[in-house]
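Paired with subunit B in one complex and with subunit C in the other, subunit A is shared by the two complexes that follow.
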Partner chain A sequence: MAVPARVRLPLLRPLIEQLATIIFGLVVGALLMLPFGFSPLRAYRSLLAGAFGTIPDLLETLAFATPLMLTALPFSVGVRGGLFNIGAEGQMYLGAIGATMVAGLLPLPAGVHLAAATAAAMLFGAAWALVPALLKIWRGVHEVISTIMFNWMAFWLSTYLAVNFLGEPGRAERTVPALLTARYPVFTEDSTLTAAIFVAVALCVVVYFYLWGTRAGYEIRLAGENPEAARYAGVHAGKAILITFLIGGMAAGLAGASQIIGRPPAWSLYATLGNVVTLGFDGIGVALVGRNHPVGGVLAAILFGALAHGGRLMEYEAGVLSEMVRAINGLIVITLAAPEIWKLVRRRSAR
Partner chain B sequence: MRDIHKVYADGTVALRGVDLHLSRGEVVGLLGENGAGKTTLMKILSGLLRPTRGEILVEGRPVDFRNPGDALRVGIGMVHQAFTLVPPYTGLENIILGQEAARALLPPRTGAARERVEALMAETGLAVPLDDPAESMPIGVQQRVEILKTLYRGTSVLILDEPTSALTPVEVDDLFRFLGGLRATGKSVVFITHKLKEVLEISDRIVVLRGGRVTGEVTADRATPERLAEMMVGRKVVPRVSRAPHAAGRPVLVVRNLGVAGDRGAPAVRDLSFDVRAGEVFGIAGVEGNGQSELVQALTGLRRPDGGEIVLEGARIARLNPLALYRRGLGHIPEDKARFGLALTFDVAENSILSRQAEPRFLTGLGRLDWRRIVTYARELVEGFKVVTPGLRATVRSLSGGNQQRLLVGRELSKSPVLIVAMHPTRGLDIASTVYIRELLIGIRDEGAAVLLVSADLDEIIELSDRIAVMYEGRFIGAGQAEEFSREEIGLLMGGITADGGARTSAPTSAPAAD
Partner chain C sequence: MTPTLRHLLAYLLGAGLIAGFVYALSVLGLNPISLLEAGLLAMTPLALAAVGECLNEKAGVVNIGLEGILLITAVVGVWMAELPGFGGGMGILGGAVAGGLLGFGLGAISVYGKADQIIAGIGLNVFALGFVPFLFISLWATPGIRVFPAELMVPRILTPFGQFSPITLLAIVLAVLAHLLLHRTVLGFRIQAVGEKPEAADVAGVRVDRLRLLTSTLGGALCGAGGAFLPLGWFGGVVKEISAGRGFIALACVVFAGLEPLLALGAAFLFGFADGLASAVAVTPGVKERVPFYFVNMLPYATTLVVVALVIGRRRFPSTVGRPYARE
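For the complex of A and B:
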């Protein structure tokens, strides 16, 4: 694939800006810690050590990052296309269901099986995104409303399916585990990272090339940036919306799959959906921190993974209360996301 | 108002020292072209904008309006061109909106207010249905609600911004009767318009603005339409573009009995027929809002016409989308470049293919954009059309308005179009870019393209056009060879006055465009 001439430099600037913001966010977090008598330096040292200190820790951070870089895509691609798609959560549940069905119940030869389970998850996620897309195109239903409703419908539908049709006999708390032929290979025994991360990163990169390197992607971005200019350029608005939703649905579906067929030790969906729940919403934050850029989302997901995984060491080594850890993580994320949120709000009010 | 200046944040100078006084019981007509500063001046008077310089005196005392509420407290209220009613609220609710002491979580008490509003209606003779939702009322009635709303707040100076633009002739007569009554009760009215006939009919005194200055002030009994037109259109000093006469060729664009609806569903273009030929500039003059936007949108595939035919090079195109039209040789310089023709956060190269993104020359396999060719083409545009830009990868937002327009015009002309539709192609541009773009339009005409120029700038129309039509209320109120018109005549026609004396609302004189 020919590399668009804009790949190299324009990415550098936001990256430097975001790194500066991370430092600012850390300082804000430190200010929060001080009055409670925690040592910010010790806390951050253990955060860093916890996230990247050893090879298994680094891999674990990446394991946390894998679903998040994917659930960021529905939102970030949506924003590029002028949509406020917050349906990643529900689309991800359906992806998890799709992966569970094919991986756990459908015996297939090795190789084919893994691909089939992955494809099924993406298909399920896209199908779940299709309805809000069509509602928007045909009836003008605002995607925020429809995707929130679809998130809840997906939650109860998935719970129902997991409990009644996909449950593992004798183990009420989870579904049938993925057959061995449908599991992404594990890197090492002491982390939960699997080769699913390659698929996730690849999808992010493909989406990037699609948006900036193809005519269809250009039209989607044009529709998002200036709908009237898109009309002038002969862009079919409905088509742009449809593609935007479907890309997001596929990515979210893959995120769901990554937790079923790409994450030990469960290799299955918990009946409470506990091993996937909120990953979709976290993706919104990841997208914002990643400046709504697919590749930025990969980096932001690694940051989120580092905060999640490294935060644990901050708790039992630096003695920072777990609530405080969450507050600090939240502060850093808000600080990082603020510029992008501001941009979105301004764009909305300008219309 | 004394020596009022207003410079907007983006550097646009709207007012350059305007004096205006208003007596009790007087109707003042404020006349001027689009962009003359009428609305800005009145927004300052009603507290919506603050002047950059200058002062406002009310009964001899200087006042400083920080918001419309301050102005209302001394009795100055404005009815805007775009109404500010809450559509599902009833007439009464809209009138008293914000004036009732709020009761937490309970609907406001309306009994006493209803009596006062009814008394006001009886006093002014303005009747509106108080219990119907505003959205169900015709425009004329909505306007009465707006006026009542303003009067209900104790207004003694009523400002009306283009109040007749959406009204039917009967509604206009009603409005004028009401304004006469208002004057008799000692209230003052400022009436903003660009329609000569109306301003003569209703005003005691007429103030003409042009380019942010007062260019004339006369009492109504001494004003004539000709004099007002001259004061209104004036003359600008932009170097003229030379245009060698040459014979026009075959008709490229043929429009027959075209009808187009506006945004509110009312007809904006009515039964319009004309041709544009190869090698000529056909200029459509007119005050904005007389159907030009809708006409251009219909011609360029952005709005579906209600009836009639549009034929480009022998093919009917009324139902085609813009891309199909571009393929057939249309170039479109839209009325607002930032709104329609460019994506400001996209870079120069990306904008150079906006509306050309589907052309095979910019694509490689699988629908991928061929960035190398796009960048090469963008460089040609930038060099060929003298676009000053920090780089091909700089956002278009970082370019000046003139350079943005050069890029856009260059892009459209590089399509080698058979027909260029250009609307306000030089609006808001610096003089150098204005002249350059006019030269480009004449250049492509000389090469044999048909050019349809729609502009509110009279100088532009006169300078560039081989044939001219003046659009008024969706029709051509006059059309012919450019030489047949004097600029004063066009000015009168723009104000809705035909050579034979004319009427305010055009009688069904669907002027034939063919010469």
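For the complex of A and C:
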């Protein structure tokens, strides 16, 4: 299946196209608000003010962007390798569980503890991605179906573990909080941004260098763009599938960790998984707006982080539920799926 | 192993699993009749969505957005049913109309926008994930749960073997009709031609674009009826996660069935049984205490994965499925 994965100079046109798509999503979102008596102008004004109005708001936008740049990776790396990995959601739950286990229950010396909790989360995420990868390699099970089934199993497994083994005594609604030695340092009092964002950006950059700077990365991209040529060149198809899924699982696991050991004030997982749910699905839109490029994903994540944080003020001031932002995300994905729309627009304007 | 043998094995294994479960649960104190009732209820939305998607994929269009359609139409169905003088039947119809519109939209984007159908479908799912909570607040001013009066439910048919929904019967009839349409009518042959060799169909004077638009609208409408069935024929209320992966399980039915509506009905029964079992266990006193519901809830997804992993790879799909057609 053809995948829109062109990243070429000049960069200006893609930038304009991506921005136009986002504006299109916002316009359709506005049309959906109208029948319910909301004022889209007021909604979007408070959205903008909420996202960028003050310095703490700006930092909060970055805090919202942190998990999103990571949950974009499973999808974007997958697409580069020719796969639709939409299992970020479940892999992220397991990452959150892994982080909670090590950070909350395992007393370790400072420094080591934080690294261990982070590593555990990435390991758990990768482990959860392994089975769909193997099902794809061995049995040809389509990854869209298997990753969704795994998302739902991850949900029930994670709530089971959170409630029965990780619960904080006397507080049924959440797990044990991360010990002080396993928390990413917080930047300021008035935002929830932590140093976890550095780890997130670093992983995105590492994945970029891996895909574009190494032989294995080249093989993955070749397998994605031209499976025939890849086979002819002796690229092992199964290996490419395995590596893309494992990278994605690690990134999603880290995203889960970022919400447990890198996000005040809870420092724990809610029993309903309320502080992580849907972050994985949000990553798909982030990946596509970032043109399935790890670094593009960082920029797109900041944009979606702004929508997510600004959405809270929109809900407060204009009464439009902040989930509307997710609907707009979906509209943007649908628009990005149809590149022909741009050709039609260009043909019209050329006349 | 030959494909047929592998099939037979998969069916036998599935049947064996079910028999084992029924035995285990009757030991625990679950009534087989109530299990059958629950299984048929759970089969219905899966069958409706899967049969529609069979037609759609035969014509060469994939709809990954079934999950989103189920979710949106569940809300639309309840909203319609609650309108004065309407009720459950009209709610199902409203769900079908809304689903048809969504299917038409996705079809138009696929056919005329030459979209990547998987990405467009994922987009529809993400959209539904955000739009449905917005609808809850905007329509009913409640965050994510709506229970409606019991008289708005589609009435069940009482038989000596338990009570069943007329919509279940409708789903079975539609599966048979879809089978006949595909294999006994000119329109059905055209649908298959459009999926298999759009160039040839085009040259023969078949409008590829219109036919694909028709099947994706039809597929969306059937899925929408299934979505409205979830609250109006089964649960008696709607929550913002009501679809719970059923759109993807329906896709798994389609894959399992190799796009044959009757096989898809069988698969829907198999997966629906696992789903119905989960709901039956979750509410039966004496059983729900002994089996952790977390694991019971995984059952439909695990069953789907195991069965699909067993039969897949032996199915042949139309050569153009998922790819847009452009006239040279």
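In this section, the second predicted complex is superposed on the first by the 270 of 351 C-alpha atoms of A that agree within 3 Å, B and C clash if a C-alpha of one lies under 4 Å from a C-alpha of the other, contacts with A are read in each partner's own complex, and residues count from 1 in each chain.
Rule of thumb we're sticking to: contacts are C-beta pairs under 8 Å (C-beta built on N, C-alpha and C of every residue); 3 or more make two chains touch, one makes a residue touch a chain.
These figures come from a predicted structure and were not determined experimentally.
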Open item on the list: Quick check on the superposed pair: does A:Ala337 touch subunit B, subunit C, both, or neither? Answer first, second, both or neither.
Closed with: second
Open item on the list: Output check: A:Glu323 vs subunit B and subunit C. Expected answer is one of first, second, both, neither. What do you get?
Closed with: second
TODO: Name the contact category of A:Ala229: first (subunit B only), second (subunit C only), both, or neither.
DONE: first
Open item on the list: Which partner chains sit in contact with A:Ala195 here, subunit B, subunit C, both or neither? Use first/second/both/neither.
Closed with: neither
TODO: Answer with first, second, both or neither: which of subunit B and subunit C does A:Ala266 touch in the superposed model?
DONE: neither
- [ ] Going by the touch definition up top, name the partner, subunit B or subunit C, that contacts more of subunit A.
- [x] C
Task: Touching partner for A:Ala30 - first (subunit B), second (subunit C), both, neither - done: neither
Task: First, second, both or neither for A:Arg215, with subunit B first and subunit C second - done: first
Task: Shared subunit A surface residues [contacts with subunit B and with subunit C] - done: 1-2, 4
Task: In the complex, subunit A residues that touch subunit C - done: 1-4, 32, 36, 38, 84, 86, 135, 139-142, 144-146, 148-153, 156-157, 159-160, 278, 281-282, 284-285, 288, 320-321, 323-341
Open item on the list: Taking the touch rule as given, give the residues of subunit B at its contact with subunit A in the complex, in rising order.
Closed with: 300-302, 321-324, 326, 332, 334, 339-347, 350, 353-355, 357-358, 363-364, 366-372, 375, 393
TODO: Enumerate the contact residues on subunit C facing subunit A in the complex.
DONE: 64, 67-68, 109, 112-120, 122-131, 133-134, 137-139, 244-245, 248-249, 251-252, 255, 292, 294-295, 297-298, 301-302, 304-305, 308-310, 312-313, 322-324
Task: Residue numbers on subunit A that touch subunit B, as the complex places them - done: 1-2, 4-6, 10, 213-216, 218-219, 221-222, 225-226, 228-229, 231-234
